[in-house]
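Order as written gives the chain letters A, B, C and D; numbering starts at 1 within each chain.
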Amino acid sequence: MTLLEVSGMQAFYGRVQVLDDISLSVPDGGAVGILGANGAGKTTTLRAISGSVRSSGDIRFDGKSLRGLRPDQVAALGIAHVPEGRGTFSDLTVRENLRVGAYLRRDAKQVQEDIDYCLDLFPQLQNRVRSNGSALSGGEQQMLAVGRAIMARPRVMLLDEASLGLAPSTAKTVYKAIGRLRQESGIAMVVVEQNANLAFTLVDSATVLEAGRNVLTGSTAELKGMDEIRRAYLGG
Amino acid sequence: MTATNSFSTAPASPWRARLERPWVRWGLVALVVVLAIVVPLLLPEFANQTLARIGVFSVAVLGLNVVMGYAGQISLGQIFFVGLGAYVTAYGYNAGWNIVIVFVLACLIPAVVGMVVALAAARLGGLAIAMVTIALPIIGVPLAKRFSEVTGGSQGTSARFSAAPEWSGLYDDQWQLYLVILIGGATFMLTRNLVRGKYGRAFAIVKGNESVAASMGVSPYRYKVLAFTIASLIGGVSGFLYMVVIQYTSPETLNFGHSIELLASMVIGGAGSIIGSLIGGAWYVLVPQVTNIIDPNLTTVLQGAILLIVLFFLPNGFVSLPRLLRRIGRRDAPQRSAAEVPQHIEE
Amino acid sequence: MSTFLQLMIDGLSTGSIYAALALSIVLVHQATGLINFAQGGMAVLSAYIAWVIYGLGAPLIVAILAAVIVSFFLGALIERYLVRRFERGDPDTAVVVTIGLLTLITGICAWFWTYNNQLFPSLFPLDTVQIAGAVISVRSLGTIVVIVAIMVLLQALFVGTKLGLALRAVAIDPSSAALSGVPVGRNLMIGWGLAASLGAIAGVLVAPQLTLTPGMMDSALVYALAAVILGGLTSPIGVVVAAWLIGILENLAAVYVPFIGHDLKIAVPFVLVFVVLLVRPQGLFGRKSVVRV
Amino acid sequence: MRMNRRRSRVASVVAGVGIVAVLVAGCSRGGAEPDGDGGAATASPGITDTTITLGMTTPLSGGTAGPGTCTVAGLEAYFGSVNAAGGIEFGDGKTRTVEIKALDDEYDPQKAKANYDQLKGSVFAMTAGLGTPTNRAWREAAIADEVPQVLIQTGDPLFSNTQESPWQLGFVPAYQNEGEAFGELLAGAGGEHKVAILSQNDDYGEGYVEGFKSAIEGADNIEIVKELTYEATDTAVDAQLTELAASDADVLFNAMSITPLVISSLQKMQEIGWLPSLFLPSNTSSPGAILEPGGAAALPAVYTVSFAKTPQSPAYAEDEDVVTFLSDLAEYADYPDVPAFPHCMWSYMIGATLEQVFTKMTEPTREDFMAQLRTISDFEAPLMLPGTSVDTTEDDQPAVSTVQVIKYNGKGYEPVDSWDE
C-alpha cells in the first residue's frame, strides 16, 4: 500500500511557478528517486512535502492530508527531511546534533541505542562525538544529517542531494550506509539525486522532473534501459 | 530580506527610470542648489537653526553609515568622534588658532584616533568590535573630565566663532546654516563618490563575506580599518559643525546614550544609504522636538513607540518606503511564498 | 590587608549585580542568537510589577514569584508579536528594535511610577558576616548564592535538558531544527519568556541596593554586556565569573593603580575584554560561535 | 526685530513636515509680537495685557528626571494657585496670569539649546531649569539675544557673576556656599577632627569641596586625611568607602547627588563598622527618602545645610507653608506624593520670588524685568527656614546665598549653630 502520495502539487516563489502538477507515490518501505537537472524542482518537491515551502495540490501521508501543517508537525508524523546542505547545528556537538534529531521521542533508553546504531552505521563519526558540528568535514556532516534523521525513527526519509560536494568515494560510502539502513530499518525513502548512478543503487523506481513537471516515471530497471536517461543522467 | 544598499537594489520603476534621464538629474541638482541658497533667507530663525542641527547630525550618521551600513562593522562609538571633533574645535578656537587649521585638526585628530583604535579592534570580529567601540564614549566622559584644563571639565567649554560677519549682512542662524550646508554638503558629496567607487564595492564585499573578500584579494582587515578611519574623520567634521551650531560642548556631548541614538537614527533612515543618513539626522533632531510638543513628560515612551512602529513597517528604514508602497501597489500578486516569509517560525 | 580583602568582597557584590543581568542576556542569545539591549529595561519593569504586588499587601516572596511568572508571559508575547518580525532580518535592525524596546519600557515605567526612587524591600536582612577581617552583607551574600544557583540551573538547562538543546538548535538553524520536529516559534517564545523571568529575579535582587527607578539597570547594562562577551556568549558560568572578575579588578585597579583611580576604573573591564579577545576570540569560557550583531 | 520674516512661514513648508510641526510650536512667537498694545514701551515677547509666559528647559526624562520633574512641578504648583486666585497685579497696574512652557532636554546640552531656540521667541523669560551643562549650553546665546535666564537651579557660580552673566541669575546657593557653611561649623568645633572627603567627579562635587576647604583653611584642628571621587553613573561606591574607612577619619564630607548611592553608602558604612559624623548636600539629605532607609540614625551625627523646610520632617508636618505647598503640588502640578527632592520646594520659592519681581515691573519688557529682579532683598519666600532669605541685590551671589546648617534628629532636622562634640 502507498505510504506517501503526492498529486497535482504546485508551488511558487514569488510570482514564479516552480512546481506544476507534480505527482509522486511512495509505497511503505519502498524507495523512490527524483531525478532531474538543476532547477527542475527536485528540492522544492521535498520542501513542499516537509512543509517548508507553501504549495497547493494534495499531499497524503498514510492517508492523512499534510495540507497546512508546519514542518515540525510534518516531522512529528514520521517524515524526516535530510535537507540540501545538511543543516548541521554548527555550535552543537555530534552527540547533541543526534539528540536534537530525537527531539520528539520520549523513550530515552532506545534513543541511546539509536545513537549507538548511527555511530555503528557511520564509524567515521565515532571519534568525533564530542566535537562541534562546524568542525566536521563535508562527508561527516552529511552522515550526521542522515543520522539526525534516523534518530527521529521516521517512516519515510526525504534525502536531498546526499552526494552534493562530496568526493565520489565518500558519496559511495554514504549511499552504502543508507542502503544498509534501508534494509535493516525498512524506512521508506524519497531520494533526490543528480547522480543517477548513485540513486539507482538505492531506489526501486524513480521519476524524472523537467521544469517542475514529471516527464517520466518508471522502475529502476525500465529507466536504466532508456537511452535518453543514460545520455542525460548516467553519462553513458 | 532584500539588501539594504539602496543603490544596488530597488527594481526599476517608472519614476526611477525617469530620474535616470540626465536633464532631469541636472535639473534636480540645480533645484537643490537653488533651494540651499534661497531657503535660509526665507525661513524663520528657528527653522534655520533646526535645519542646521539636522545637518550636524546627518553628517554624524553618514559617518556611522560608512562603517556600519556599507562596511558592515558595528560601531557604538561614533558619538565619541563627534565629541572629540567638537573639543578640538573649541580648544583650537579658544587658543586663537586660525579657524581653517582648527577645522583641519578637528577632522584629522579624530581620524587618527579612529585609525589607531581600528588597527587593534579590526583584528576582532563582530561583537568584540562592538565592545571596543562602546568603550570609547564610556571612557571618553571621565577622560574629558580629568583633562579639565583642556576641556573645561564637566562645566564644558564654549566657542563662538560662527557669528555672521558684518559684510555678509546675514543673521547668525542664516550664516551658520550656510556653513553647515557648505561643509556638510561637501562631506556628503565626497562620501557618496567614495561609496559608489571601488572602495564602496570593496566595503560591500567585506560586509558580505570576509573569506570571499580575502579570496578576491580584498583584505578585510585593511578595508575595515579604512572604513573606521573615514567614519571617525566624518565624525570629526560633524563635531566641528556641532560647534558651529551649538557653540558649546561638555562631557555630556559624548554620552553613550547619544551613540545609541545615532545608531537608531542610521537604521531608521536606512543603513547603507546616503539619503538615509540625511533622514537619520532629521530623525535624531526632530523626534525629540516633536515628542516635546506632544507631551514633554512622555518623551521617552513616545520616542520608543515611534521608533518601533516605524521599524515594524519599514524594517529597512525610510529609504525602503518607495519599495513598500510599490508592494502595496501590487497586492493582487499570488500568495506569498516561503521565499518572502520565513514560514517555519510562523505559528 | 583587610582593606584588600574587603575591596575584593565589595567587587564580588558589585559584580553580582552585573552577573544577574548578564545571565539573562546570555539566555536570550543562546535561545535566539540576539543581543537584547532591552533586557535591563524588562528586568526593571518586572521589579516594578513585584513592587506593585507587594504594595497590595502580598508577602515579598509571593510578589516576586508572581512577577517572575508575569514576566515569562510578557517576554513570550514581546518575542511573538514584536521581535519575531525581525529575527531573520538584518541583525542591526534587530539590535535597534531591542533598543527601541528599552526606550519604550523605560518610558512606560516612568509614566506609571515616575522617575522618583522607590524603595524596594530586600529578601535578606541588613546583617553582615565577618570573613577574615572583611565584612560582607547578608544581602550581597544572598545575591551571590542566588546567582550561583541560577548559573548552575542554566548550565544544566543548556547542556543537560532536551528543552535547552532545542533552544540552542533553534537559535543556530531554525529551519533545520523544524525538520527535526522542534516547534521553532514556541521555543523562541519560551526562550524570551525564560530570559524575562530570569531578568525579573535580577531586578528584584538589585532593586533594594540601587532603589527602583526606570533607569535602574542602565549603567549595569554596559558592564553586563562586557561580562557577557568576556565570559563567552555561550557559557553561563563564564559570564558570572567574568562579571565577578570585572567587579573585583576595577576596584583593585581604582585603589592600587594611581593613574586609573575611581574615575577611570570603568576602563578596566573593556581593556580586559580587549586583551582576552585578542587571545581567545570566543571569550574566556565560550565555545566558538557564530555571533549576530 | 524679525517681523519681516514672519510671512516666510509659508516658504518653510518646503523644509518638511517635521519642521512645520516644530514651527507650530517655535513660531507661535508670531503671536507674541506686539499688536500695538497701549503700553508705552513695546512689550517683549511672551507678555500680553492678560498673560505672561515663562519658559523652562529641564530634564524630564533620563537619570536626572526625578529632580527635573520637581523643578516644573514646584513652579506649576505656585503659579497654579496664583492664577486660581485671579493672577498677579504687575507694577504697571495690569493683572496677568502666568503660563509655563516646560520642555524636556534629557540633560543633553544640545537639546537644551534647541529648546531655548524654540522657546525664546514665545516666552518672556527662561527660568528654574536644572543642570549646569544644560544651562551653560545657551548662556551666551541668552546674553546675545537679551533673554533672561534667571533663578535657574544650578550651583555653578558663573550664573551669578554679575559682570559675565548680565542676563543670568542663579537661585540656589552656589555649591561653594554649602560646603563653606559646613566647613565653618567644623572649624569652629573644639576638638581635633580627621576628615575624609568623597565627592562627585564634576563641578558639583568640586564646588562643595572647594567651599569646604576654603572654610577650614588655617583651622589647625581639622585635617583632611583622604579624598576620593565617584562617577554619577556608578552603581556602587563600596570600594571608595572601604578605602576611606581605612583612613580612620571621624568626619565624612560626602558631596554626593545620587539618591540611591547616598542610601547604599549609609548602609555600607554601618556594614563595615565605620561610623563617622556625616555631611550631606542639601539636595540629597531628605529624611524620608534617604536617611531613614539608609539607617542614618546609627551615625553619631548627620549634618546638612538647607534654606527650605523639609516636608518629610515631622517637625514641619503641621507647618502651614508645607501644608499649602503639598496641596498646591497635588492640585495644580499633578504631583500627589511628598516630593523626595528639594527642587520641588526650590521651584516653589522661585515662583514666589518671580511674583515679587512682577509686582515691581512697571514696563512689560525684559529689560525692566531684569532691573527689578535685582532689587529683591530680605524676601522670606514660603517654605524658607528662619534666618534665610532671598536677596538678589548682592553682586556675584545667587538669589539665595545664606544657608542654615541643620542636624538630623532621627526624624527630621533642627538648626544648629555650633558643633557639639
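Note that in this section a contact is a pair of C-beta atoms (placed from the backbone, for glycine too) under 8 Å apart; a residue touches a chain by one contact, two chains touch by 3 or more.
Since we're looking at a predicted model, the values are computed, not measured.
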Co-neighbours of chain A and chain B resolve to C
Distance-maximising chain from chain C - centres being C-alpha averages: A
Give the chain pair, either B-C or A-C, that is connected by more C-beta contacts. B-C
On a C-alpha centroid basis, what's the spacing between chain A and chain C, in Å? 42
Based only on mean CA positions, could you tell me how far chain B sits from chain C in angstrom? 31
Distance from the CA centroid of chain C to that of chain D, rounded to the nearest Å? 36
Residues in chain D with touches to at least two other chains are numbered 61-62, 69, 201, 231, 233
Among the residues of chain B, pick out those that touch two or more other chains and give their numbers. 142, 145, 299-300, 344, 346-347
Residues of chain A that touch two or more other chains sit at 52, 70-71
Over in the complex, which chain C residues touch chain D? Could you list them? 3, 6-7, 10-11, 13-14, 17, 107, 110, 114-117, 119, 126, 128, 135, 137, 209-211, 213, 215, 218-220, 223, 251, 254-255, 261-263, 266
Interface residues, chain D side, partner chain B - complex: 2, 5-6, 8-9, 11-12, 14-16, 18-19, 21-27, 60-62, 69, 102-104, 106-111, 113-115, 117-118, 121, 132-134, 136-141, 156, 158, 201-204, 206, 231, 233
What part of chain C is in contact with chain B in the complex they form? 35, 37, 80, 82, 84-90, 92-93, 95-97, 99-108, 110-111, 174-175, 178, 184-186, 188, 214, 222, 225-226, 229, 233, 263-264, 266-267, 270, 273-274, 277-278, 281, 291-293
Which bits of chain A are touching chain C when the two form their complex? 50, 52, 70-72, 75-76, 80-81, 83, 87-92, 96, 99-101, 103-104, 132, 134, 148, 151-152
Contacting residues of chain D [partner chain C, same complex]: 61-63, 65-66, 68-69, 201, 228-231, 233-236, 238-240, 242-243, 246, 259-260, 263-264, 267, 270-273, 289, 293, 295, 337, 340-341
